[in-house]
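Consider the two complexes below, in which subunit A is the common component and subunit B and subunit C are the respective partners.
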Partner chain A sequence: MTNLFNYIDRKSKVHDLTGATKFVCLLLWSFAAMYTYDTRFLLALTALSLILFPLSKIRVKDVSFMLGFTAVFMILNNVLVYLFSPQHGTEIYGTCTYLFGLTGKYAPTKEQLFYHFNYFLKYLASIPVVILFVSTTNPSEFAASLNKIGVKYSIAYSVALALRYIPDVQKEYDEISKAQQARGIEMSKKATLINRIKSAAAILIPLILTSMDRVEIVSNAMELRGFGKNKKRTWYMGRPFKASDILAMAFCVLLVVIAALLNIINKSRFYNPFV
Partner chain B sequence: MRKFSVKTVVATGIGAALFFVLGRFVAIPSGIPNTNISIQYGVLAFISAVFGPIAGLLSGLIGHFFIDFSFGWGVWWSWVIASAVFGCAMGFATKKMDIEGGVFTGKNIAIFNIAQVISHIIAWVVIAPTLDILIYQEPANKVYLQGLTGAGVNILTTAIVGTLLCVAYAATKPKKDSLKEEN
Partner chain C sequence: MSNILEFKDFGFKYDAQSSPTLFDINFSIKKGEKVLIAGPSGCGKSTLVHCMNGLVPFSYRGKMTGSLSLFDKETRDLSLFEISKHVGTVLQDSDAQFVGLTVAEDIAFALENDCIKEPRLHERVSEVAKLVNIQDFLDHAPSQLSGGQKQRVSLGGVLVDDVDLLIFDEPLANLDPKTGKQAIELIDELSKKTGVGVIIVEHRLEDVLHRHVDRVVIMDKGRIVTDTTPDELVSSDVLNEKGVREPLYIAAMKYAGIKVTPDLLPGSIDTVKIGDEESRLLKNWYEHAPKETIENNQDYLLDVRNLSFSYDGKRKALDNISIKVKSGEMLAIVGTNGAGKSTFSKVLCGFEKKDEGDIFYEGKDFSLLSIKERADEIGYVMQNPNQMISKVMIFDEVALGLRTRGVCEDEIKERVEETLKICGLWPFRNWPVAALSYGQKKRVTIASIMVLKPKVIILDEPTAGQDYRHYTEIMEFLSSLNKLGITVIMITHDMHLMLEYANRSVAFSKGRIIKDDECAKVLTDKETIDEASLKETSLYELCKKAGIEDATDFVRRFIAYEREVVRK
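On to the complex of A and B.
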């Protein structure tokens, strides 16, 4: 339960950055990685993100199960792309070079393999940063810091409320589910699909009704304390920006600029070595 | 109720928490390997219908973001945004309904279900695949098939779970003029 979000509390340069900075950096970094398919740039991003790991004192061992998830996801996606569109590379790069003397729809081409390599790199360039963000950002501080980067505080407060009530809802779901199972509802593969969804509803209805009561109680309590009266509010977990925060954000802005420039230089989102 | 009140803030937070817990921990096997039925969309449709489009949009956005966040496989913005769009569209489509006042009868059930089918199709067959193509340049036929499968499963679960939730919740609310003066 305590490790729901995989946050790992250590002392490091990356942990020292505020949650807002890390969130902005994550957005900019992902945007840069999504924006261009330039192989050289993606390779550079991947190398950079691997340097960030020792800097943040996160070991591969700490995040190995997350990497496992990612690997399965990545392989599945690559296989699907190949099955659905074995000539996708040719469409993008405009040439068609068959390998191993094979021809036909599913024959491997240089372009297709290069496309898969790029597709693979795209994950590799963006996912380690997400894993870093997840493991170095305290969720409560993240909610507090959203307000600082211009998100309305009522929305930031919703995020904080969600984080506060996830464990409660989870516990409640568990209790109701056990009570209903004791009364004989079947959720496993033995029941038919429609029955399974129906029994899910038998658990959900009590869960939703208690949650609605909770909405009532919490909003009354907040209203009594004057929530929403002032234009600003302070945060228990909030921290001020430091020089390193500004520097990190500036660096990520630079990454986006480079990605945009590369798209102009390449005249498309792809780096094309075949022409 | 249609402005951004304290109640909307709280409903958004708790709605997102529900969405997260159901999406992250409740796995109902569908029979197809590695595919679980996501009942959270039934709940999201219910939240949108009761608390309006803003609560629906933000519950979907925050809840889905945290699901991706906690799995650690990267945040799939295209799908996160599609969830948010579904919540928002449902909120607008059900704006005239008065579930809070205990009314959810035949005509409302029909509108609710037509709205959810259209919203799911907009979210999963139009928005999610289009963003997938824009962001990741994936082949079109792959992402549209994924979108269609997702929409189909979600429509089925929302039809059952969402409708049942609305009926059950409306039944707990006292109706207007439900008390009569006795002479």
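On to the complex of A and C.
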């Protein structure tokens, strides 16, 4: 069973940052990467994000599943963009340079390929950071620091709580699904779509009912131990902000500023080497 | 010493119900006292617990009459949080009570809510972890812990608050017999060490009485029927009248014609005095008790050879399992959590694929069949009926398996009706499932499997969390199915169930079968008991005290006597 929040516990500079810092950095970083199509900037971001891997002591092997998953998605996305607007690049860059002597709607152009290259870079610049965030952030500590940056603790705690019970629900789903299959509920591709939806109900209804039972027990258990008593609470896994946290966030703000400046200098979101 | 909690002419009615749940409750508990509360399901003990820990009236609304005071203050004038500073509750489902992602965080939960700051927070957590002996597992997630360890975490999470009263709601329900025994010992030690008052709500009377208890309260229909010492209680007939199971050694003494009186100190097997006269009566009964006639059927239905299976490819969850099941057997599979009992049934039903070995069913290779095909031969009933029920009406629920198999409606009607009759659900055939009790729902799930006419049914913990009456109801039903020729395989922690209903038990430990024998032998074999996390039956100790040498044979005859004479 794959864990959604694949936290990998190691000692590194990145692990040392608080969850809130990493969350803010993640938002700023992705914003910067999404904001501009400046190729030079995206290349620099990609290089930086790759340096972060050894810095976090996370090996590619550890996150290969997630990388593979996003790679498939990225390729699919690029293919679709090409299928639906093969002339998008020429529209953006204002020139049209056909390659390989071909012409027509789907003929490759230098501009379109360059556009795809940039699109590709955007993924490369942001996905590794998302993966790093997921694998270096302890979920409880993340909840604690969310609370620290002003998120209500009942909301922050629900993040941790969801993570706590997801494996239980997964296990229960698996068991219910097997027992229902034994009664003849067909879940494989052999069944028609309508039948599969009907089958899903045979698994989901018992799952929901047993989960509802659990919700009542859990909320009683939490109340009996004083959850919701005070406006504030402390966190066992909480950590104070350090200089490195401030530094990391300042750096990411700088990235956004650079992205904004580049957009002004380029007079558009695109860096255009064709004119 | 003053009372922690005191009920005076107390009554309670839930807003959602038309009649009161509790009447005329007069009961109090002092510091250092240990009280056991028992009674059949629906007797009001859960509501009583809710009144004590403040969930009534603060989470479950209703009308209180009379007085309930915590240190001389009416609880209705306090808040749930104020009450929880004094009264700690360890819930039955320690899995659900575990709200933290790790042991340390779960123990810290109440402190965090109290805004306790560092370094006190970490200090207090490690203090308490030591108290409940879980200090080596502080960074473990709940999935990495055993049932007993989870319960200790729950206990720790409550003890961080320096409570005055600890309430345990069915602490034995999810534990194997040996862990349950250790839990009772831990509760006893803690109550001595910390001087808190302890209330244990549990219907497994004999297991709780393993350690000293000051008083036992028996409830029935919302009233307290009796509030007395264990010695007085087991000497009376209250237990049998109110549907609470009597300790086995007491039953045996009564069968033997011994007059059980409080001066024999019969409250616990450790204290009960078996003098010359008592020994004579026991021996006399033993010699004249009927011997069970064992029917020898040589017809193997299921033959499993050298079966191995692993979830992760590293640790073997099943290691070279060989087992033969005869047609018409009633078989118990026992062992600690994680010993491979459930895994075995999953591999058998095809939920998981075996790595090595063979499964033969009626001489044919079973592993070639799909989940669905296997289900026509071997039915699997999950522990919690809510995990299986997906239809609104009972008829549709039972018909589900036939409909998915494309049986025509006329035949479905006929087969479902026939099954409903066998399962005693005929009067409810037009009812919605939601209107049924837990035990009846269990019957519906069994019926929904039986309708496919399997020759074998496997039940995961068929009686977990059931009181004696429902337990008897479910088990009598299963044994009636068994008499119709259905082979019944039960995965269980309940040693009474084994003794009373199974013809044979198979003990699992660490993925291997360590014993496969008649129940009387398994439950009197020290080594197996230890390794499979079972508990010696009190009959064994009784034999020692009475000087009866062949305890196994005594147990055998006791079972036969109960089957033939008592339970007709």
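Going forward, the second predicted complex is superposed on the first by the 266 of 275 C-alpha atoms of A that agree within 3 Å, B and C clash if a C-alpha of one lies under 4 Å from a C-alpha of the other, contacts with A are read in each partner's own complex, and residues count from 1 in each chain.
Assume contacts are C-beta pairs under 8 Å (C-beta built on N, C-alpha and C of every residue); 3 or more make two chains touch, one makes a residue touch a chain.
Since the structure is predicted, the reported quantities are computational estimates derived from the model, not experimental observations.
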Touching partner for A:L209 - first (subunit B), second (subunit C), both, neither: both
Comparing the two partners subunit B and subunit C, which touches a greater set of residues in subunit A: B
First (subunit B), second (subunit C), both or neither touched by A:L80: first
First, second, both or neither for A:I265, with subunit B first and subunit C second: neither
Subunit B versus subunit C as contact partner of A:I166, first or second or both or neither: first
Contacts of A:W235 with subunit B and subunit C, given as first, second, both or neither: second
Which of subunit B and subunit C A:Y123 touches, first, second, both or neither: first
Subunit B versus subunit C as contact partner of A:V60, first or second or both or neither: neither
Footprint overlap on subunit A, where subunit B in one structure and subunit C in the other make contact: 160-161, 163-164, 168, 201, 205, 209, 214, 218, 222-223, 227-228
Footprint of subunit A on subunit B - complex, ascending: 4-7, 9-14, 16-18, 20-22, 25-26, 28-31, 37, 39, 42-43, 46, 50, 58, 62-63, 66, 69-75, 77, 135-139, 141-142, 145-146, 156-157, 160-161, 164-165, 168-169, 172
Sites on subunit A touched by subunit B in the complex: 4-6, 30, 34, 37, 63, 66, 69-70, 73, 77, 80-81, 83-85, 88, 92, 119, 122-123, 126-127, 130-131, 134, 154-155, 157-166, 168-170, 173, 187-189, 193-194, 196-198, 200-201, 204-205, 207-209, 211-212, 214-215, 218-219, 222-223, 227-228, 269
Residue ranges of subunit A touching subunit C (in the complex, touch as defined): 139-140, 160-161, 163-164, 167-168, 172, 175-176, 178-186, 201-203, 205-206, 209-210, 213-214, 217-218, 220-230, 232-237
Subunit C residues within the subunit A interface of the complex: 53-55, 59, 80-81, 84, 88-89, 91, 93, 95-102, 104-105, 108-118, 121-122, 125, 142-143, 157-158, 161, 346, 349-351, 371-372, 374-375, 379-380, 382, 384, 386-390, 400-401, 403-405, 448-449, 452
